[in-house]
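These notes open a run of structures that come right after.
You will see two complexes here that share subunit A, one where it goes with subunit B and one where it goes with subunit C.
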Partner chain A sequence: MASVSIETARTETDNKRSKPSRLAPNYWPFVVPALIVIGAVIVFPWVFTLWMSVNSWTLGQEQTFAGLDNYIRLATDFRFWESLWHTLIFTVLAVAAPLFLGTLAALIFDAQFPLRGFLRGVFVMPMMATPVAIALVWTMMFHPQLGVLNYLLSLVGIGPQEWIYNRYSVIPSLVLVETWQWTPLIMLIVLGGLASLPREPYESAEIDGANAWQKFRYLTLPMIAPFLMIGVIIRAIDAIKSFDIIYAMTQGGPGTASETINIYLYNTAFSYYDIGYGSAMAVVFFVIIVALSLVLMMVRARTNWSDMETR
Partner chain B sequence: MERPLVKRPLIKRKTLDRIGLLFAALVMVSPVVLFFLWMISLSLKYEIDNGAYPPILIPENFAWSNYVQVFRENNFFLYFWNSVLVTGAATLLALIIGVPAGYGIARLKAEKAAIVIMIARMTPGLSFLIPLFLLFQWLNLLGTLWPQIIIHLVVTVPIVVWIMIGYFETTPMELEEAASIDGATPWQVFRLVALPIAKPGIVVAFILALIFSWNNFVFGIVLASRTTRTLPVAVYNMLSFEQVSWGPLAAAALIVTLPVLVLTLFAQKQIVAGLTAGAVKGG
Partner chain C sequence: MATVTLQNIQKRFGAVNVIQDLSVDIADGEFVVLVGPSGCGKSTLLRMVAGLEEVSGGEIRIGAREVSNLPARDRDIAMVFQNYALYPHMTVEDNMGFALKLKRANPADTAERVKKAAAILGLENLLDRYPRQLSGGQRQRVAMGRAIVRNPQVFLFDEPLSNLDAKLRVVMRGEIKAMHQRIGTTTIYVTHDQIEAMTMADKIVVLHDGNIEQVGAPLELYDRPANLFVAGFIGSPAMNFLDGKIEEGVFRTEKGLILPLPAEVSPAKAGGRPLVYGIRPEHIRASDQGIQGRATIVEGTGSEIFAKLDCGSEQLSCLFRERIDIRFGDTVGISIDAKQVHLFDKTTGHRL
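Moving on, here comes the complex of A and B:
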């Protein structure tokens, strides 16, 4: 194809870097403004956070170099380990529940039925709604006396729950809100996967007399596995960073029962103004997220035997 | 003939299947519908009705005054305007910077630039906030809308660049090559050839950047002062300080999120395209 030869021509001129040729227009001016902005608002904060994390500095006080003191303090900070545990539980649940429900929804919306387009549009709405506004209404619904959820439970004979006001049920309740909001994203990703599936295996399976469950288990599931993995990666990155809903509904409470790393980080930096310690926490948090993403991507590379990369 | 005999039960089964699927879809969608219905209901009820047990879905008297109260007593016109300015500026700046960048990166095949964007997506918003908060304080910008406009670029620029890279990778090169052989400068090629074809991609990037910037909360609670709050921060502050009355609170929540929901319904196709493209590429 023509584009192949032009491409090789371009890489050759790129290597020479002497004069701009007609075949290799200079594209750098297009990128430079964005590089400056990204440098200022993204790269500079990374470097600065790293630097602050080896300093001891509470806003309004003297700043001193502290070496690894902040990191040592973090390793022995019980509240940090506790928040790590909360983050882990929250993330696992907030990935698993939307993954299951989103896949189910995708299987339904992949089929043909009346009002399909409209209902799919409605289903996607929570994902785009403002999290704080959503959190506020959920808080009212979770109210132990006046909330509508306890009333609905009473209709099916279940006693009143304390939802976000009890240290044991607070994280599952927050996961419920997160699931309500983010199941559509998994649905959309899996729906994309289902749309790309070939027809033939299903036809031959039908001839062989496979039932619906067998077709799902042995055909659909393996073929959409790469898409499920993408859903898991994106959901995990978002869930581990979740802030708006938790902060607006519980601020980490009751006590510290729903304090995730992100909430503890916020409190450290902007309630106690302990900038150095907060920065160290931000660095560790960042490392955890990148490590998690890398692990998930490695898992995905293993499951990724289908040819979706060619799309 | 035998044919109709075979076909009729098949058709019947198909209609049954469709009704079953419709029912399943309605069950799936019901938490969404019930939630928003309840949100509207809360916002249109007086305090007595909101405190009633068993709860009332449709009250006898609608409390439109809740909405009046939100605007009159809580400065919501100002906060709405702040939100429009911050989101508008951050989105437009992101398009001006990000669309050419997406073009450049796609044509340069600069994989590393894409990785930076990907890592930016992973970084928790709070870790941008600490350094930039100190920077804005040092520059004496706190108290104006500038800190929020600038920090919202953290949200909007990566979205725009990411979507535009993906879009320009799929647009055909032949026209651009023909134009540059005819003596057009790279800028002319971009403006007159590449940009017009990319309009659908730009619309997707615009809508998504707009929504995620509008919804952003965490930057506002740290950087906004009393007069520079955006809507998400304003509604949160209503909860914590000014009142505990449910009607006006729900009304405020609805006002905050309504523009985004309307946009979602009208631009469903673009949003779905953008999110799935971004997501699939994101892996």
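Moving on, here comes the complex of A and C:
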């Protein structure tokens, strides 16, 4: 009796399966809200920016189709190329310095010593602060007459510096602030990497004759390379589009000495209201960021020893 | 190649004495296996020879050199670890040549030595692979290759086959032994598997709670175990132990079973005091006469039959090499080969 009812149930289920599902179209209501949000906050702004970039439109004036004129203007705009150069220098320095110092800090915090947990907590605090607040504090510290930095330099016999008020030292000074804020992030990433490294190869290396430096050079460094690359990718993308600290501290000055693409783009679009030209700049900037990300991801894949079996 | 001398070795972790005053002499080219249950101190001892653990007391000599306080890199030893400890970001070739690279050896010479070691271990086609692309057996071979390339005075193996499946373990066992026979380097091998110890060693050191229980050739340990621990540890299935006394020329267990004694036992000397009667399962034969027992466990593997017999009040494990028809609950007659009986003092655990 029981077997008969099971058979009947099976046949009913099979019949249901064999019919085309009438439920499928009803899934759409669940997807539509997400699609609306994505369309409104991602797709539309991009399509609009692309459209604007091929138009000549200054706020308050008539909008006209300009084709590739804005892009041609970019190619010959010295200020754009200068801002690109500033962006490049700023990005390279703002990635390299935290990477070096963060790795060093991670190696130190990886060792056991008294108050390690407390000091690590103190070390990561800059990361939690608001960029604009940081900018205000550092602007005061950089002040040539009243700033604490020149006072500290005077204690070791070094004369006062102009920091962000000099066109040659402004970018290194901004990098100093970025480094102060983001070295802890690299430290945390690398520290996580160090904690996950296998211990056995170090014993092998000890027996193979490696000294402390050789263990770091041939084992630790290549094994944490994937983690360093994650740090580089995060920092590079963050630094290349850095805006808040630069704008709050220098607004791209003195003159245009610290004007990065982001600042120039902002000034063009929202100070000069040249929306079309600013949009063309945004599109080119986006392409640069995507290209950089792709290159970094490819480099990361090459350093990732834990996935090597899949390559 | 070199001799290895461990003299009065001690190891303490805080207040815990892991190894207490242990001395062993290992001859040049000898294959010595340190065997014992988990926590007996065998791996700690090996790591002290390697220089990965400090010695709390005593002296380690490799050849004529006292190495107790030398760092691992200055001891001229090579070690194969249980989990291989390969460099995960290096290819097989780089793994094998790493020690020579550190010594700034000529790259052509390094490549030649790596190639030679790879040929010995059948790794020629895997030189450009990464460890994660290899099977467990291949990784273990790379670890051995890395040791061979260095041409050290002593090879150390720390449970190298524990992570392999049973079949591969047998294959690798043979390969390690073959490698030793070909190269002849002094080898210290740690395992908890007494089958590995029996099949590979020239000399076995049985460790228990940081002390040496017995040192000897595999068959010596099997035939004449020095005490109850060695008797129980060496041999699989384990030896049967029955408590009792010698009375009127026979052994009478506490529960009344009467068992035969070897001819050389002097009842006058051993009689009266509490003893332990040891007989290996493989030294019990099926017999129409003799002790009768009811089979409570029967396991046939084709080549042999293992059975647990309930002989009145005593349990006896038996291993029959002949094909006999036993089923659960059957009554089986058995006879004990008296020449193979071992007697131990119950109080001290020592062999009579």
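Just so we're on the same page, the second predicted complex is superposed on the first by the 268 of 311 C-alpha atoms of A that agree within 3 Å, B and C clash if a C-alpha of one lies under 4 Å from a C-alpha of the other, contacts with A are read in each partner's own complex, and residues count from 1 in each chain.
Just so it is clear, contacts are C-beta pairs under 8 Å (C-beta built on N, C-alpha and C of every residue); 3 or more make two chains touch, one makes a residue touch a chain.
Being a predicted model, the structure only gives us computed values, none of them experimental.
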item: Contact breadth on subunit A, by residue count: subunit C or subunit B; value: B
item: Subunit B versus subunit C as contact partner of A:286, first or second or both or neither; value: first
item: Subunit B versus subunit C as contact partner of A:62, first or second or both or neither; value: neither
item: Partner chain(s) touched by A:219 [first = subunit B, second = subunit C, both, neither]; value: second
item: First, second, both or neither for A:28, with subunit B first and subunit C second; value: first
item: Touching both subunit C and subunit B, counted on subunit A across the two superposed complexes; value: 308
item: Of subunit B, residues touching subunit A in the complex; value: 17-19, 21-22, 24-26, 28-29, 31-33, 35-36, 38-39, 42, 50-51, 53-55, 96-98, 100-101, 103-105, 107-108, 110, 113, 116-117, 119-135, 150-151, 153-154, 157-158, 161, 173-174, 177, 180-181, 185-187, 189-190, 211, 214-215, 217-218, 221-222, 231-233, 235-236, 239, 246, 249-250, 252-254, 256-257, 260-261, 263-265, 268, 271-272, 275-276, 279-280, 282-283
item: Sites on subunit A touched by subunit B in the complex; value: 2-3, 6, 22-23, 25-31, 33-35, 37-38, 41-46, 48-49, 52, 101, 104-105, 108-109, 111-116, 119-126, 128-134, 136-137, 139-141, 145-146, 148, 151, 180, 185, 188-189, 191-192, 226-227, 229-231, 233-234, 237, 241, 243-244, 247-248, 262, 265-266, 269-270, 275, 278-279, 282-283, 285-286, 289-290, 293, 297, 300, 308, 311
item: Subunit C - residues contacting subunit A, complex; value: 50-52, 71-73, 77-79, 81, 83-89, 98-99, 102-103, 130, 132-133, 146, 150
item: Touch list for subunit A against partner subunit C, complex; value: 198, 200-201, 203-211, 214, 218-219, 222-223, 225, 305-306, 308-309
